Amino acid sequence: MLMQLRMALYVFQEAFRSLRRNGWLNFAAAGTTAVSLFVLGIAVLLVVNTNYISKTVESNVEIMAYLDRGLDQNDLKAIRTQIEATPGVKEVRFISKEEALATLAKRFGKESKLKESLGGTNPLPDAFRIRMSEPRQVASAAASINRLPGVEKVRYGQGVVEKMFKLTAWIRLISMVVMGLLGVCSVFLIATTIRLTMFARRREISIMKWVGATDWFVRWPFLLEGMILGAAGALVAVAVLGFSYSALTGKLQEVLAFLPVVRDYRVLIHLFEGLFTAGIGLGLVGSFISVHRYLRV
Amino acid sequence: MLMQLRMALYVFQEAFRSLRRNGWLNFAAAGTTAVSLFVLGIAVLLVVNTNYISKTVESNVEIMAYLDRGLDQNDLKAIRTQIEATPGVKEVRFISKEEALATLAKRFGKESKLKESLGGTNPLPDAFRIRMSEPRQVASAAASINRLPGVEKVRYGQGVVEKMFKLTAWIRLISMVVMGLLGVCSVFLIATTIRLTMFARRREISIMKWVGATDWFVRWPFLLEGMILGAAGALVAVAVLGFSYSALTGKLQEVLAFLPVVRDYRVLIHLFEGLFTAGIGLGLVGSFISVHRYLRV
Amino acid sequence: MIQFFNVSKFYPNGVKALVGATLHIEKGEFVFLVGPSGAGKSTLIKLIFREELPTKGQIYVGGRSIIRMKRRDVPHLRRQIGMVFQDFRLLPDRTVFENVAFAMQVVGAGPQEIKRRVPEVLELVGLKERAQMYPRQLSGGEQQRVAIARALVNKPTLLIADEPTGNLDMDTSWEIINYFQEINRRGTTVLIATHAREIVDTLRQRVIALDRGRVVRDEHQGVYAHAT
Amino acid sequence: MIQFFNVSKFYPNGVKALVGATLHIEKGEFVFLVGPSGAGKSTLIKLIFREELPTKGQIYVGGRSIIRMKRRDVPHLRRQIGMVFQDFRLLPDRTVFENVAFAMQVVGAGPQEIKRRVPEVLELVGLKERAQMYPRQLSGGEQQRVAIARALVNKPTLLIADEPTGNLDMDTSWEIINYFQEINRRGTTVLIATHAREIVDTLRQRVIALDRGRVVRDEHQGVYAHAT
């Protein structure tokens, strides 16, 4: 018990002593960790946001179901119920032919006198406008709605929607790949730097072994040191990232209110937690592996 | 002359000797350079492409100029000439009211019998569709076209176009900022790694000075070594980047033919040249500065 | 305490540093290891210390085989041995005090014990006022004495010193050697590799002489060299 | 050759390594520098070599002031001096041959010259067969002899050796010292800091004794120490 306590005390003392005395090495390690995690954080934020934007864009896809003429209220109600029962449908809105004509007339401008020239007749059909909760099911939903009695025709921007899905899928893929690459790069950089700092201290490590220290006795302070440096780097990265992201998106939403950006603090805190953990973990694993190479004497 | 030659020979021998013998240090330095330039390259490619896409999207903006009724061919010609003379206009196309009606009818579907219900009258006006070579001038061009005699009304998606310009401006800004940050990070990482490798060899450097070597005698081989490592790292980065980018965009254009991506090889070669030069330069400057610190004995 | 049975050490580059060495050192002995530069003295010491493994032969230290020893038992072996390295091997980023204290921390000594014992040994080697300096700030002889202090601090059962007086003046050398003799009288086995002829010839202890990797002489009450 | 006028060296941590030293060493002299460990011998040598700058006083080497010397002239000073460092200072990633050759490359010697001269000096210190080994593969004495070979290779006008025989046996030490005497006879000024009483007492050359930073004795045909 006393031994354990003494050991813990020793480990902490040693780690902090070393942090104090190896200023420049520590700066390099913590700096690299900060920079790497910062880059990784940018990548993750890009992914999260492109994902979010893609999703928002996708969920704006709508299906127009044009109806046969001469349906009564009961028919409409029946059709509506059936549409609402279709999987993936979120919201159904009825658009009467009058509403449609008014919208059309507005598009031509007041001067075009569309209504007068039509002479009281309205060539447009009634319709339902359908929003999807699951945009990917738009094609199948449209097909099954089209088969309903009373539905004359269904439109959902065929072609364009498919293209859009492909595009968003690719954007997701590319941003994921970039994120993955940057992740690998971060790990490489941090591992390399820690190995270099250990390399600079390799003689120190072997002297400890020569004086009779066990592997763990040598290792523990280095591990703690690695963790602290990783944490420090991660903290800097998270702080800079958090600050600049909230400033940027704040400004962005002011100027471009329509653009969807992730401002959900739970998501961000999650991300920052992840980065922080990654920093500590990398510091720990990095020093473990690096110190290991120089313990074999 | 003999001395110079001898010196050059010495520098090359030393640099290659050191490259051979300091395997692990060299790998770290070249690896970091490769990773950093790779990340930077990704960032530059993202910027180049978002720029290119923004530009393509912007240049699709068009102005519809709706005309007064009852203009004859001469009037039309005069208006067209004036429109074409407006600064920033690239292309002008005449859209007759018949064409407009046909398009409209097609949108309602064959069954809607729009033309019949209109009873031969056509409420739509003639129009010019105008493409801009300089999309940013769309607002001013629209205003001056609107003032032309015979033009009833001008539409160009007011509001949406402004929003879009804002959006693309922001995307550009953000991607530039990200690129700038990654650039700074790359420089930091490469500089740190070179400093660490020099740190590991600091005793060697001072011993050389103690034996009577001049600063330049010590420095030259290190500089050459730094350049070679920088070049090696850059080469790896450029190769990986070039290969994966062309594979990716090739695939992308197959699947999403409508998406504009930069495939202009002159642009890419330019970028790769830049990265390569940056690698060599960073290696050179990095070793110059780092070796300098340990020369003062 | 130490047994070598027909031990050879060939380095990977072909140098035969030790060839068929057989020797026994009993507990409580005081032994000088002599021989010209490159004879294999440090190699022999490195083998005892398990810094190198022999190419051939068997080595026992304190009754345990060095060759069959598991990696995790090596620290325990080393803690029994107080070792003065020829190249000192001080920790560069620790003060004199911390360097000596480290050897105590390694065996699990408590802070009180360390605070008491370290100044004691530093006093002994005459470095009490240098306690807060770093190795690079010390003279060659001072560094050597720190290495000696570190070897003594845990009161080892076996003390090995590789050229412990190479950077010391005669007076200081004698002080150190006298102290080695004293701890030897208290039961510690002492093995000293040295070129200090005057000391070896005066003390007349057991002398093992190496030459080109071979044990060429092993005599009690020996001298540095026979007249040739 | 070397003039010290009232030179003092206080290290930043307050240690007074050298106090008011005044001494003159003429061209062609052979001088021993003696004194107990920590007396200031290495400090004095470091000042000549401009590894350290004095706190007070004036130093001339070869007629030029060390203090007023520009940074870019320091290499030229050092090239005139063949220096054997107490801690050897060999380049760890170069072989014995390359370490010695480096000192020649520094002064701009050609490859032919190097190929001829380096084996010559390695022969002299008895390390010809060790030419392709790295410092970490050498025994303590062998490393010291590489340092000596490097100091000799350029036939310097001033040879300074800091404890050059600390890791050498008597026979090898004498060989080295004899060679130092020989090059001294050919005109090279020699300054040796040493604890090797036997050698100093036998040669009876000029002896400068330091104690706690002060020059306490400076006599021609001196000995290591007077009976106290």
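In order of appearance the chains are A, B, C and D, and numbering begins at 1 in each one.
Methods note: a residue touches a chain if its C-beta (ideal position, glycine included) is under 8 Å from a C-beta of that chain, and two chains touch if they have at least 3 such contacts.
The structure presented is a predicted model; accordingly, all values stated were derived computationally and were not measured.
Trainee: Common contacts of chain B and chain D?
Mentor: Joint contacts: the list comes back empty.
Trainee: Which chain has its C-alpha centroid farthest away from the centroid of chain B?
Mentor: Result for the farthest chain: C.
Trainee: Centroid from C-alpha atoms only, then distance chain A to chain B, rounded to Å. What do you get?
Mentor: Between these chains, centre-to-centre, one finds 24 Å.
Trainee: Taking the mean of the C-alpha atoms as each chain's centre, how many Å separate chain B from chain C?
Mentor: Going by mean C-alpha positions, chain B sits 67 Å from chain C.
Trainee: Please tell me the distance, in whole Å, between the geometric centres of chain C and chain D computed from their C-alpha atoms.
Mentor: So the centre of chain C lies 28 Å away from the centre of chain D.
Trainee: Would you kindly tell me how far, in whole Å, the mean C-alpha position of chain C lies from that of chain A?
Mentor: 62
Trainee: Tell me, which residues of chain B touch at least two other chains?
Mentor: none
Trainee: Does the chain-touch network form a line, ring, star, complete graph or other?
Mentor: Its topology is that of a ring.
Trainee: On the basis of the stated criterion, which chains touch which? Give every pair.
Mentor: A-B, A-C, B-D, C-D
Trainee: Across the complex, what residues on chain B touch chain A?
Mentor: 24-25, 28, 31-32, 35-36, 38-39, 42, 46, 66, 108-109, 111-114, 117-119, 121, 123-125, 152-153, 163, 166-167, 170, 174, 178, 181-182, 185, 188-189, 192-193, 195-197, 199-200, 248, 252, 255-256, 258-259
Trainee: Enumerate the contact residues on chain C facing chain A in the complex.
Mentor: 49, 51, 72, 75-79, 81, 83, 85, 89-93, 102-103, 105-108, 110-111, 150
Trainee: Applying the document's contact rule, which stretches of chain D touch chain C when the two form their complex?
Mentor: Those residues of chain D that touch chain C are 11, 13, 15, 34-38, 41-43, 86-87, 133, 137, 139-142, 144-145, 162-163, 166-173, 195, 197-198, 224-225.
Trainee: Contact residues on chain A for chain C in the complex?
Mentor: Against chain C, the touching part of chain A is residues 2-3, 6-7, 10, 18, 21-22, 203-204, 207-215, 217, 297.
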